[in-house]
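Report on the following structure.
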């Protein structure tokens, strides 16, 4: 899990004070714990709440208080609750600054595939498409490789795309890519990795940040 | 004003317990006072409230509590407030049982013209069109004649229609017409009037109720 | 101050009996949070509640809530956003026993709201250009492709609320609110399973989430 | 517990200075009830707040609120449902000084909600077959003609609320709520004139009507 936590911590570093942030299922959920006492970032969850706090302590979970992954959460002072249609009205209406989403694959234009699993019937989509269309900024948070060691960043996604709209930023344990002019730009290599590793493990074309 | 109050009282007699009723501007507003302690009828006002009570006493008006005619009202126990879009969502969605509307003219099919004044620019419509489309039952409450003594019930409205959808019931001080099979049926003659008077003062074709 | 317009308090069995064969039902809840589990499970004891079309974000979990109805073959079709979490649903779909209509969660909740608001259909950018756009009308607004989504309605809505007053005004609890207020608007018959019924006037008029004009029946499950 | 995301408390003049020449502004209120009169009238002291398009149910009354802006020639166009109550508006329209777009009140409030909800357009039966259908697309759903209504958005929304907390969460007062919560969603910049600012946590999370993510600035007018 330490790789997932590393990614979440790296993503948290890209969040700016004043942002309203929605966390997707999986690695994005871990970003909450990496925020520490960053009071400037407010979390929204699409099942109908603004002002998500940290996970409750052992035995303190409120059954009526969960996030989009159905995991127990807490409410911060100033929180509010609203219906699903209102929550997604906020999301589509551009009132959520940043959506952090997991990814199964990401293509060379930064587009995300994260809803349909290979070889399985398509039976779940949740709120990912809504978030990708509505959030002002999208950060993809993903391991650099699949469990089988294959690159997740590929020239063309074999899996169905979640939206035509690309991510703005792709953060893995090894690298950060900014999506610029319709392509991936490597803007950061994580400590413990180098450009050669990133190049060898990225199947999508990408440019290097110009100095 | 006693003619107007008569009409309002006659309309109130057509309301059934359990109905959620919206009162238009003018004569319909007077229906509230004719309900007395009829607790079974609940009033909705399209500016965002359910549970309208009687007009406040002298000097007791709350500036934040008005009806669609911007007149002071009171709130009954169990009242609730909601936004304009929610209020009209309820109206269009069929959650208001009965809409009581005033009329400038009504045609032979029961269709109402009540928003555009003759010879004046069209600069106001309010919620009348929404109510006519959304309410499950529409009652037109109007004097039988215009101020100039002309029939308000006419074969074809000279004024623009408020909706294609007809009223279900037309109540004047002299008569009640039910709209049935696309035409007006005289179902009641008020005390003090007779069928001859109604026939002489109604320019729309109508049928007599069969015994 | 009870009124004739008050929602009537009925039993679980009387409520379940109001769901006829072949009905389309909306069921509130996100997973099991805010789901009227007692109402849903009582349907199992009413054999007529079958061949159902269920509009709900999920179809429960195996052996729980809608998952039990599914296991007993009562659900013919499910309209929702996320069925993957119930392996029975995946299996039933694979074996052709369950028809599925998958919608993005925001499009689904908006379609329910539209159904209750007299909006026939609306245009959203969500899902345009994806597999879920197949068979849907596309139209550009300001150069951005949008899909036409039709409203959803049901015969019966089964809701879960925290508290009702005797008229049927409802308030919810935290994230258990979710789809419930939307579904309260979009069905011909609305039944709310509540933890508590309080006197009229005990709920702040500014804090009512579902006004009583939307609610037909209450079922009290303490 | 103030946060960086908190709505900032600004003066009437700072607020008025945020309305540029040619802006489209939404103004809450039904008549003068729930109208941010102090904010609106402060625009008079800012000459740049002119050539405005105003989206509001009414354009005030002569000599009051938006009526004063109109009298001073600041309003080029009004989008609303009921202008007849202001004889100045009727006159300005007759003399060609005021362009008017008239919408049924429900269609107008729904178009505002759509603008804030990422809904490009929607179909309603309201006004189909009437004079207000002229120039609008018509389409039948289940044999009933519906009009296509596009969403409305604004550069700035001027709201009136009863109370804000320090983050900008808003609650309203009785029928002074009306268009304000809808408009809070549909403008690039949202300014609320409030009677009171309370500490964070003082408003019940279940009773917040406008969550603070929608609100940019508060103006306190005690």
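By written order: A, B, C and D. Residues from 1 in each chain.
Assume contacts are C-beta pairs under 8 Å (C-beta built on N, C-alpha and C of every residue); 3 or more make two chains touch, one makes a residue touch a chain.
Keep in mind the model is a prediction, meaning the values are calculated, not measured.
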Chain pair with the higher count of C-beta pairs in contact (A-C, A-D): A-C
Compute the distance, rounded to whole Å, between the mean C-alpha positions of subunit B and subunit C. 34
From the mean C-alpha coordinate of subunit C to that of subunit D, what's the distance rounded to whole Å? 32
Using Cα averages as centroids, what's the distance between subunit A and subunit C in whole Å? 29
At least two other chains touched by the same residue of subunit A: list those residues. 75, 81-82, 88-89, 91-92, 133-134
Indicate the residues of subunit D shared as contacts by at least two other chains. 110, 113, 117-119, 124-126, 172-174, 205-206, 209
All pairs of touching chains, each written as two labels joined by a dash: A-C, A-D, B-C, B-D, C-D
Please output the residues of subunit C touching subunit D within their complex, sorted ascending. 110, 114, 117-126, 141-142, 144, 146, 150, 171-174, 204-207, 209
If we count contacts the way the header does, which residues on subunit D are in touch with subunit A in the complex? 1, 3-5, 113, 115-119, 165-167, 169, 185-186, 200-201, 205-206, 208, 211-214
Within their complex, state which residues of subunit B touch subunit D. 45-49, 62-67, 70, 75, 81-85, 87-89, 91-92, 116, 120-130, 133-134, 160-164
So in the complex, which bits of subunit D are touching subunit B? 30-31, 33-34, 57, 81-85, 89-90, 93-94, 100, 102-107, 109-110, 112-113, 124-132, 145, 172-182, 209
Could you list, by residue number, the parts of subunit A that touch subunit D in their complex? 17-20, 39-42, 44, 50-51, 75, 77-82, 88-96, 133-134
